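To keep things simple, chains are lettered A, B and C as they appear, and every chain counts its residues starting from 1.
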Amino acid sequence: MKQRIILCTLLLVFYVLCPFSGWSQNGALVFQTDFGLKDGAVSAMKGVAFGVSPQLKQFDLTHEIPAFDIWQAAYRLQQTVAYWPAGTVFVSVVDPGVGSVRKSVVAKIHTGQYIVTPDNGTLTLLAETIGIDSLRQIDEKVNRLKGSDESYTFHGRDVYAYTGARLAAGVIRYEEVGPALPVDIVKIPYQPARFDKGIFSGTIPVLDVQYGNVWTNIPLSLLKENGIRYGDQLKVSVFNNKKLLYSGVMPFATTFSAVAPGQPVAYANSLLQFAFGINQGSFAKKHAVSSGGNWIVTIQKTAPKNK
Amino acid sequence: MKQRIILCTLLLVFYVLCPFSGWSQNGALVFQTDFGLKDGAVSAMKGVAFGVSPQLKQFDLTHEIPAFDIWQAAYRLQQTVAYWPAGTVFVSVVDPGVGSVRKSVVAKIHTGQYIVTPDNGTLTLLAETIGIDSLRQIDEKVNRLKGSDESYTFHGRDVYAYTGARLAAGVIRYEEVGPALPVDIVKIPYQPARFDKGIFSGTIPVLDVQYGNVWTNIPLSLLKENGIRYGDQLKVSVFNNKKLLYSGVMPFATTFSAVAPGQPVAYANSLLQFAFGINQGSFAKKHAVSSGGNWIVTIQKTAPKNK
Amino acid sequence: MKQRIILCTLLLVFYVLCPFSGWSQNGALVFQTDFGLKDGAVSAMKGVAFGVSPQLKQFDLTHEIPAFDIWQAAYRLQQTVAYWPAGTVFVSVVDPGVGSVRKSVVAKIHTGQYIVTPDNGTLTLLAETIGIDSLRQIDEKVNRLKGSDESYTFHGRDVYAYTGARLAAGVIRYEEVGPALPVDIVKIPYQPARFDKGIFSGTIPVLDVQYGNVWTNIPLSLLKENGIRYGDQLKVSVFNNKKLLYSGVMPFATTFSAVAPGQPVAYANSLLQFAFGINQGSFAKKHAVSSGGNWIVTIQKTAPKNK
């Protein structure tokens, strides 16, 4: 009789804790792609993952990455990953080289999340900010959907979703993904932010598309260390291919409502990087600003006019 | 031994019922924003909520509210909330005044759902239809994501998603949101529907965007009380800023297929309010109709031509 | 005491296995509509399903089917259903005839998934590829949301989501959907692929919209049986209403990177049907190709130039 009680209790514990006991995964699987949501591709991936384990909690980062835009895939991961707990598994499929020699990998980053992705530059920003702890190459002999050998162009479903689901569900441990690789990922070159002779400069990695705000890669910390304070008036200039497109003075504020509607304002965005926009308007639209490595922003503190 | 059995049974009950025993929440968390789905903002909110409790069931109302359109946020809540069970927690973030003095609140409505939102007009329609039971201001000293103090512009993630998740998961009770407020919310003024001298009039609060049908705020009940029946021929007129844009006669029917493809038809929409469209076509596109308080619709019953 | 142990164990088993013990459903509910995601319609459906059972796992196929496009609804089901396990319940609502005489049905297909849909052609392709096992008409006297009798135009919420949720959650068995029907569904006529005198021909059922690749209904198996091999050079021609729009030679390859960026390439898509595109470009945009029954593609193997 005693054994039965023990068995019963064990079963209980088993069902509650077991799926992840001893693993570092937490059952969350988050997808990012450039597939869009107009067809069945994303749903096929989720069906494969559900087939691996109905217990998985499946989420989306975004499926609206512009087609083949690896840089933006890298940026959106950097923007989001830190807000998910350690053990979350991300599957990111922006893969212009599908079927070519690029490696299929799983990276474990320092804060404990996993990224399943082609090694094509998608890991660039996470590697430099959070840092990559270790890297494994997916062994497609074991980690590939059964019966998918004739399909060469949908690794997102057949390799990445399948492997990500198995990892997230605890069907495999991280070590069972495949052989360890040196942490030497493919990186997209880009210009980091600088401070030189009183002028801050950086690029526009992405726009805050929905509202038309302009985001830069200049960290709030760099501004603070060099004397910029909320309430300062800043001269902000925007260059495209070295041609000046906009120059104006705006306050550095904590809220958009620090200025009247229609007026420009600078602030720290949700990544704690320098950004600017128009209160209840679209700066990007008004001044035809876009994003990329050939877009440069400079910032300079203006002298107070009088006292 | 008896204690063990009791313990085992209690544990079982605990894991099955406990997350919500004694609470009125049900574990469902539904998001609405004007963020769009092109970047990582929505996913960061869901990551924060998952971090609060992996057991939450996270859903979306829509993230395609036009930027800053508080009225539409109010309307979409009214359209949807009643179809979710009591205890569901909604997080609605359309917040042009983020960081300004508008209050952050949680409203409990008469049917038992909770709405976490800036108090900026988003609650206007729910207050008038279902009714608000009570209101609490979010105490950001306890109900704010740890470590988010330097970010002033993403309260959706740091305050609303975090508080909504804690409430939905039963980490806090409703009373622990923060101090009670008088139920005196910010309201967006609008023109209610009327019946006067044989003519019904109302506004076009939103379009049925996907199909181009025109929705009004004239309730089916008002029509019925004043003698309108399915099968009646109705004269429908549309005014923009008092200028007549369309006038035509159409049947009041229960199905679009009551008329031939391409013909106009009036019906009661899924909110049981008067609406009209074109069978398998777009009325809004054909007649350039939009929505808002300056769009007026009038309805009049036509005399039967003969017998 | 013994009884208590048994009771405890039974309860445990009950909570873990019961929702689907004896049923063939698996708790997954997947929605497809032409509603778009801009309003609250999809969320109202999910709220109704959550009200039926909070334990359901709710997913989306797509909500971006073009309005009233039954053909595309049929195609997206065919593209996706097989990647979800047996027992998954799909709710597909593309329903231009809502409220008319078309039947509301649930089909069980040979691989064990269920499709809840108006019988208006949505089942055309599944019937021909996977095959329909049996068909039942929804009995709206029992399988309709309580209190929804006055709403005639949102069967997606009141009938299809409600019935799909009850079936997926095991509240009803398949037999309780309503009376059995002969498996004689409404079909959309279309032209199957052919091979005749060395020329393969087929239609363009849909585009691979996100990337601009052109998909055909010509199966890889038909090509293989008639001597086409990877590495062959193929002459591909595209006709719209019998008028030649494009003709060119391209390699039949397993990866896009078999050709230089900007060059055309033929491949087998994720449905193992013949497709072609431009490496890192949009074939459909460049050559103004669209989809439908009046778009014809022919394929011919070219002779090797020398040897």
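FYI, a contact is a pair of C-beta atoms (placed from the backbone, for glycine too) under 8 Å apart; a residue touches a chain by one contact, two chains touch by 3 or more.
Since the structure is predicted, the reported quantities are computational estimates derived from the model, not experimental observations.
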item	value
Pairwise touch network: line, ring, star, complete, or other	complete
Rotational angle, Cα trace of subunit B fitted to subunit C, multiple of 5°	120
Centroid spacing, where centroids are CA-atom means, of subunit A and subunit C in whole angstrom	30
Sites on subunit B at which at least two other chains make contact	1, 5, 8, 12
Sites on subunit C touched by subunit A in the complex	1-2, 5, 8-9, 12, 16, 26-28, 30, 57, 59-64, 76-77, 79-80, 83-85, 88, 206, 208-211, 220, 254-257, 267-270, 272, 280
Contact footprint of subunit C on subunit A as seen in their complex	1, 4-5, 8, 11-12, 15, 34-41, 43-48, 50-51, 54, 58, 67-68, 96-100, 150-154, 157
